[in-house]
Amino acid sequence: MATFETKNKHAHLQEDIIKYLLILAAAISILTTFGILFSILFEAIEFFKLKSFVYFFTGTEWTPGVENSQFGALPIFAGTFMITAIAMAVALPIGLGSAIYMSEYATPNARNVLKPLLEILAGIPTVVYGFFAAITVAPFIVKISAAVGIEASFNSALASGVVMGIMIIPYISSLSDDVITAVPDSLRKGSLALGMTKAETIKDIVIPSAMPGIISATLLGISKALGETMIVVMAAGLRPNLSWNILEDMTTVTVRIVDALTGDQAFNSPATLSAFALGLALFVVTLILNIVSVRLIQKFKEKYKMSSL
Amino acid sequence: MDKNSIFYDPSLKRRHFKSKLFKYFTLSSLVVSLLFLGIFLLDMVLKGSSAVQQTYIQVEVSYNQESIDNYRSIVDKKYLNLLSRAALREVPEQMQANPSLMNTKEVVWILADDQVDMYMKKYYYKIGEKDLSTLEELQKNGMVDKKFNTIFFTHGDSKTPEYSGILSAFIGTILTLAVTMLVAFPIGVATAVYLEEFSKQNWWSEFLEININNLAAIPSILFGLLGLAIYINLFGLPRSSALVGGLTLALMTLPIIVVSSRAALRSVPASIRQAGYALGLTKVQVVKDHVIPLAFPGIMTGNIIGLAHAMGETAPLIIVGMIAFIPDSPSSVMEAATVMPAQLFTWAGMPERAYIERTAAGILVLLSVLISLNSLAVYLRKKFEVKW
Amino acid sequence: MAKNKVKIEVKDLNLWYGDKHALHGLNIELYKNKITALIGPSGCGKSTFLRCLNRMNDLITSVRVEGEVVIDGKNIYDKDVDEVSVRKRIGMVFQQPNPFPKSIYENVAYAPLKHGIVKKGSSCDELVEQSLRSAGIWNEVKDILKEPGTGLSGGQQQRLCIARTIAVKPDVILMDEPTSALDPISTEKIEALMLELKKEYTIITVTHNMQQAARIADMTAFFHLGDLIEYDETEKIFINPAQKKTEDYITGRFG
């Protein structure tokens, strides 16, 4: 007759302990997110106790570290927006174009070489891009502008925007390439069988089908651009500047955060605490972008029943 | 073609032309991205390659008590401006270490000043007229020469550009990343094991998943704000230390490790688990003895990629103060330290041309390390790739 | 059958996938306003042959085609023939319904607009309605033209794909197992539709389903391992085949 052991209490306890240790480890990621949120939130609240909340979002004067300091972040947001827009103007067409070439025109062998090659761009540390922007690209832009008789700043928004765009290309191209490849071949065949050219098929059928994924990649790119620090710290200016001229110097949220926290101001001074108010704005915006982006890619996966991207 | 044929369609010419145009647009975007990569690498090599060598000058050195008291009297006064002060300051130490040298004279190669170095490398230089004629004379006599730049690899940061090197930042990087991996590896892998093997599909696991996803998308600088507010201000850990830097990077690296470890665990087929259960093993035993060993190469690959990622990170480390001037290598994780990218950031902001050269050279060193790490990851993945 | 008008004349057609010789010198005449069924076991080359008729095989880089496919007096493999114009005149319906992720209206209107057959506006609306009516789906979708085509049922999707194809006003419609992914009721509707459509179009269909061939085809061609074994009127093929292999296949001795 078979005998079954009764449950070994000791072994059972051990299993439970291990399981709870694993849960504890998993909880650290949650602790981190909330740690970031609350550490920023509390200091930001301290800041808004000292300075006006409304003026922060609507004011145009940013004068920390002086008597009667003013904290109107509008020009900082504007600068961030301008540089992000320049970066996306570079990264979106080039990244999407590259993705289309790799997925629709290149042979599988060529694609296997090209894709990792492009991803090298994503592996380059941002401090290196910053150096490139400040030492090579910015002086180049000044020279070119001078040649056509326009004055450009050595800290021009254009220089950091363009280099940031280069950095973001692989983020756009990699995800777009994945979603374009995932568009079922039957759709391409259906279009070609109607007598459409290859480009018409790609533009009218493939790209619209992959659109949720491409938008998701774009949002991710924007989020990367908004949060990018080193390129702008090294190549963009410190001066809050509300302007449309991309050859002028502009500053960004991240630059002002670094500036506020590397200065010699007391920690609880509004000048230092302003970094946390700016950080809070950055946190909220990038979080929303990411959530929307993840939703879109999930929708895409459901539509074409993909298991993983 | 016959115009009456049903296949005659003159409008196609224009459509084919547009189609070609579109193809060339996509091809040129790819070429432009690769061109960017090429220009960028070429630029770094051009700017950094001159740092491989450094200028030395052959001069007569007098070892005596006066020299010990004042390093300026070690060499003939007229050479003083051409030589590196930092190098001359080391000479008295050599004398004290080796007393037999006392009251002798010797002709040796001494490191040149950075401006002399710039002159030799044909960059822009600033040397007085008198010094310049002395230098030209020395050069005529073959007393000036470029040698391999060992200082760059054996010294830390310095206020004199010709005497600065990457060593202390390199050590700082190792210490910081050691902290990072000691924290991120166990937590990351444990999280992955929990999510893949133990958790049930419920609100909690979903919440965890969304959370890890979002963590990966938070701008790195905000991790610096966390490090500053929590590790330094709340826990009172030492500012600028490898400990704080490493802990900050650990949280950033966590999502990368979790995601790749999960992929590795998922690739272990269910049949392995079922075989384990059929032998009467408990869940923990199956996971520990069968699933994790099989997934280990994949987990390691993910960790190396995470490590490479952390190695290039700068912004959060600036926030926690890791851009201090660190001439000597730190010996513990509690001491003030700097890391390679932060060192490059500091140098890039210096006015002297010699620092620019060193920044580019440092970039080449950093990129080589990163490429080696990534290649190692690819190699590991290929070598241990199992087809189920 | 003297009154049969030849629409497509295939002369000595050979096809290779890389080194693999997949079609061995086929010769066949396909007739206008008839349904021709291509039957045979899987891998016999019937689908490959079908794709030769609108040059869809050109999309596969390893494929090499020799021989002639003459449609209305023009060899479509001639150098001066644009394969895009071939596909415009020779429509194709696939095994899996593949409506574009666009609205029902756009699914039908897309190709005619691109080809310049109609301009946006009432003429386009008319063409869409006419095509959907011809495909026998108008009544089901007339109120939901703005809804995505992917939301329809499988059978409706396939009829939408047929509407999409006839909107381009082709001469020939190729169908690659058009009902194999559908339920019996949808299949019946498509079959009825095919019988209706042959009044205007020449239809070549690949099918795995012998009863279907017997039900709807005027002519049947039996393929085996890249050879055309037998080609005749459907009745003849099914009742009194000339070849032993054909008989074996039809009676289910292999397949």
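Per-chain numbering from 1; labels A, B and C assigned in written order.
Operating definition for what follows: a residue touches a chain if its C-beta (ideal position, glycine included) is under 8 Å from a C-beta of that chain, and two chains touch if they have at least 3 such contacts.
Since this is a predicted model, take the numbers as computed values, not measurements.
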Give the label of the chain whose average Cα location is farthest from that of chain A. C
As a test of whether you follow the contact definition, which chain pair has the most C-beta contact pairs? A-B
Kindly work out which chain lies most centrally, taking the average of its C-alpha atoms as its position. A
Chain B and chain C have mean C-alpha positions lying a whole-number Å distance apart equal to 61
Any idea how many Å lie between the Cα centroids of chain A and chain B? 21
Please work out the Cα centroid separation of chain A and chain C, and write it as a whole number of Å. 49
Where in chain A do residues touch two or more of the other chains? 197, 200
Where in chain B do residues touch at least two different other chains? 12, 15-16
Listed in rising order, chain C residues that touch 2 or more other chains are 84-86, 88-89, 114-115
Chain A-touching residues of chain B, taken from the complex the two chains share: 12, 15-16, 18-23, 25-30, 32-34, 36-37, 40, 43-44, 47, 186-187, 190-191, 193-195, 198-199, 207-208, 210-215, 217-226, 228-230, 233, 251, 254-255, 258, 282-284, 308, 311-315, 318-319, 323, 341-342, 344-345, 348-349, 356, 359-360, 363, 366-367, 370, 374
Residue ranges of chain C touching chain B (in the complex, touch as defined): 71-74, 76, 78, 80-82, 84-86, 88-89, 114-116, 171
Please give the residue numbers of chain A that touch chain C in the complex, ascending. 107, 184, 186-187, 189-197, 200, 204-205, 208-209, 303
Chain B touches which residues of chain A in the complex? 11, 14-15, 18-19, 21-23, 25-26, 28-30, 32-33, 35-36, 39-40, 42-43, 93-98, 100-102, 104-105, 114, 117-118, 120-121, 123-128, 130-132, 134-136, 166, 169-170, 173, 197-200, 202-203, 220, 223-224, 226-230, 233-234, 254, 257-258, 261-262, 267, 275-276, 279, 282-283, 286-287, 289-291, 293-294
Please output the residues of chain B touching chain C within their complex, sorted ascending. 1-2, 5-9, 11-12, 15-16
